[in-house]
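Each chain carries a letter (A, B, C, D and E) given by its place in the written order, and its residues are counted from 1.
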């Protein structure tokens, strides 16, 4: 019962695990409309990229950032002309729901009273890297905010783990995706980080292989459909036209 | 000479030896063990066919049978009283147990095994070093002390297990076939050692044995078992000559084992006097020791020939006048118990019923007991008060 | 009557029995085993003190000692020839091994243990069901068949292990103290069974035993060991009466074990004829069986009194004329071996040297052997050609 | 239980059972060799079967992915054909097997070390070859410990996540075992779903362990041979 | 080796040793109870110590995080003080201990089941109390198997990732063990670094296992008592 891209009327989508709920909803809608089944493989983007490298059976790769899509593209495994970035996300500062922490702007983190800063691993996980870059852009005195707080960072293997830590301790502050923060109990958003302060947070989508099947093309189109965009937005994602 | 009833107190009247009372019930595979006896004897033999429940009795006394119910006590100490809910764990019973299969500790060498109970022995006020040295010497273990127990021979294992029990300073020794796989010459050397343990260390013992000689040499009382119950209990000689316990026609038959005193040495023989003050004298194979030394003498009952006239021209050196005091019958054989005069113990002789009637033997009759020197066997015996 | 030298072939001249040749060296803890013997005897006893290396010899023959070097062969089959690099694994030696400690399989019940070698027995052409039934009956195992071996008594375990070895259809039985913890009456019943195994199944056997009676009843040849070497090897009687092997003054002494034929039953006794055609007759304790049945008769050498005149008025029923053929001495004792006339086996009697000289006994002299009925012990013996 | 959970449960049982079956025989043999014999490279063999434990499972998964991947030494390019392990349920079996084998080898070895080798020699004198003795005596004598080893392997396979997610992927209905489903649910912030799945996994573990307790309480003896 | 690797190595050894030490005594006692006695709830106890295996370690980590978290039943709010486990090396110890305990309990239990209880009873007739017999006879008799159990626990602790990352965090220099460092390097696509770290972890495992092989080859007997 191995997955196969040749199975007629099926699309195998390797997608970042944080997209699971929304993509499943989209998938169900797609199956109803197109009569084509979508099969997902949810994991960290790096895992997915390496699996694609090891056994290229995926039809579509939805990476949480450009970097792991580039990794696959460098292997010449992305179908030319299919790569898009239709989805985006936004960072928020979160704290335990019992926390007294109030923030007016990001720079206040420098003086805020917390012991740990919970991030997805800034070296490995896209959400973490975006958070790091954001903090690096904030000037505090002679240095940037990252230099002020990096010793407090607890790098988590994924956003969920980062959130779980925030939920577990009052003295932990986290910077995570807004979409994840919204579905997490015992955690509250303390501050929305404006798009302008963070680097562009984009999910990359592309067909894998040289010659995408018809079903794959239909799925890629469906991702950009208006109804789909509404679904994404309802889940808190940003959506983008074109490229 | 009647067999004492079940549960009766019997044995030599040495009041120093605490009363051992055993009254246990224990379900076994094919029958229930139901054992009832009490004894003040310093050494009690447990005798009976394979599967009779001998080992089970010892295990119950040692506290190793959880399912045992009833009452077990030694002197003032009550070890089991299921009515009162009393159960003393094995480690507080101060018992030296020699299990039938040795059960040496494979993670310790011979020395370690022998000293496994040294702490208890010290608590009991024993002089462990001396006990250890003596035990090693007499059980011939000295050369084995640093050996791994895994490669010991069968007899070596058994001796180590026996030594371990003795060196643990017990208040009661439970020995399950202590001499079973030990060769005859060694057995001859170990028997007196066990006797000494019994006498000098004043450790009472319960001893399972299939060997009537062993039992007589060591035990005062004997408990005979069959299918889980005590079928006879009392003085060794009474029980052993009981035809139900051991048909005396058996190839071991009944052996007289009596106390004697060394008198003098002859050319190739020695002379002993039966009992300490007895009048009867016997020529026995040459032995060592000084005049006045105590010895145990063993004469198989069937080796003794009874004559109504003093015979002549025989190879047999001993012709002892005696008076028949009892005649006991087992099938076609008759056991004649005769007394040899003042202070000498009685001797039993087994003859056929034919011979008995042909010679017209009856109680009260004066006869001659013909005993070959070669039929006499002497064992070392510690210097002690008479106990037979 | 000289002790056969090491390595010599000896034993009864039954050519059907394959030649067993054992010549092994094996390093042990304190000394090296260096054993050399060859025998055609149907049953060979292995005798010697604890730690002599008896078990090690059996293990080497069974193929259980990797470190054994030398040569072992049975008939045409060479099991070990370290010079030629030959080593046959234990499973292809067709051996029935009774280890000293039983080694029952704890995961099988008694039946499973007894049948553990059934497949081999079938391959060897044995009728397993019959063998199994006979073994169970004669070792009294029938009631135990469904029992868990963990709760068997010591004697029960030993019998199961013995039965397992016999039921495995071996071409050679290696029995390490088969009767050690078996009670006397049972031993009397098991001995004839082993004899039957030896005769009817024609399984030759090597038997470790500390009991001279057992050895004589079962074995033709005897190998006596001490500290790893064979000190005497030859016919049982020769080796046993060797003062080095077993001082006959020992409390077991020397027992005559001879073949006899049942003649008739009297009131409380029976009459047997010594040997199959022998002239000498003895009155023995009443036994069962029909006239003409074969029996083994045991008479301890020291139970026999020698008289130069025919005595009268004795309880002893048997007064047998005999002629002294050999006199052997051990310290202060003399063993007189006397023949009883045509076709009867020789009997040995032990007397003191004093008695010997007092009566002026010498080779060639006519004497009377006085043998009490009660001193005679009969064992069942299978219908077989004479082998003693 | 919804169909996704049911599928995950079925798949989990299938994978764990297959992994246990796959691992049990070779690991038992290796454990036996380690327990009974001295041979060159013994310590190394023992270490080899201990190593999957010292590495984080994802690292093991990663190494396996490289090995079995298109350009790996066991990949289709090198072998000339595709083993069909990656991103299939077989991948989950391979991952679980490798992660479970150290436990099975150790436990089986300890079991064998507790069995008196003289019993085996005794069985050989009764005419059974070495292999028959192993099958008919050693294994039954070791049955309780081997059952424990199997249960340890099985439960470890049920809980296996790190290597599996790399090798088999997390494809619902195809390679998503309970462990992966729990991960997915947690990643999506779907705690309720995660708890249900956790409950199912716990139930599987309980049934397996309670069952093994019952089995191993049965008397050791196996009746007549 | 750079300082990060060195620190990770030191921390790993510290955590694994602490976890093994923490777990060994209670697990040995529980294993002994399971091996020797029949009692109510025995099967349940056995299951309880099997459960950490059936769950993916991250899930165990989540559960622990909830339990020890601010509003958890063992959190500072409930206890009135902070256990100081979360995000410290102690968290790694707790996580490793819990994940290792099923292995230790099983292996120790199998070991005890292989020891003749009559030897223990024999030791008791020689005047040793139950606890002394356990310490002076049972433990030495079981030493080989207990060593195997300890090694299994230790290596499992070295390799522990899922629960540790949740409980201890992955703070370089403070709570980042080798496993966590390997994971981070792999996640970051830093293969060279990952391989170096893998090599160090393998070396730790090898030394532990080879050492235990050597130890357990030493003769069983311990000399005189």
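Note that in this section a contact is a pair of C-beta atoms (placed from the backbone, for glycine too) under 8 Å apart; a residue touches a chain by one contact, two chains touch by 3 or more.
All values derive from a computational prediction rather than experimental measurement.
Any chain touching chain A that also touches chain E appears here: D.
Any chain touching chain D that also touches chain E appears here: A. Least step count on the touch graph, chain A to chain B: 2.
Centroid distances from chain C, each centroid being the mean of CA atoms, peak for A.
If each chain is reduced to the centroid of its CA atoms, chain B and chain E end up 56 Å from each other.
If each chain is reduced to the centroid of its CA atoms, chain C and chain E end up 60 Å from each other.
If you average the Cα atoms of chain A and of chain C, the two centres end up 90 Å apart.
In chain A, no position touches at least two other chains. For chain E, residues touching at least two other chains, in rising order: 58, 62, 183, 186. Screening every pair of chains for touch gives A-D, A-E, B-C, B-E, C-D, D-E.
Looking at the complex, you find that chain E touches chain A at residues 58, 62, 65-66, 68-72, 75, 86-87, 165-166, 169-171, 183-184, 186-190. Residues of chain C that touch chain D in their complex: 62-64, 89-91, 93-97, 99, 103, 105-109, 111-112, 115-120, 123, 148-149, 164, 168-169.
Taken in their complex, chain D has these residues touching chain C: 116, 118-119, 121-130, 133, 137, 140-141, 143, 219-225. Residue ranges of chain C in contact with chain B, taken from their complex: 28-30, 48-51, 54-55, 100-101, 143, 147, 151, 153-156, 159, 176-177, 180-186, 188, 210-213, 246-247, 249-253, 266-269, 283, 285-286, 298, 300-303, 305-309, 311-317, 331-333, 349-356, 359, 361, 370, 372-375, 377, 379. Within the complex formed with chain E, the chain A residues making contact are 44, 46, 71, 96, 98, 116, 121, 123-125, 153-157, 161, 164-165, 167-170, 172, 186.
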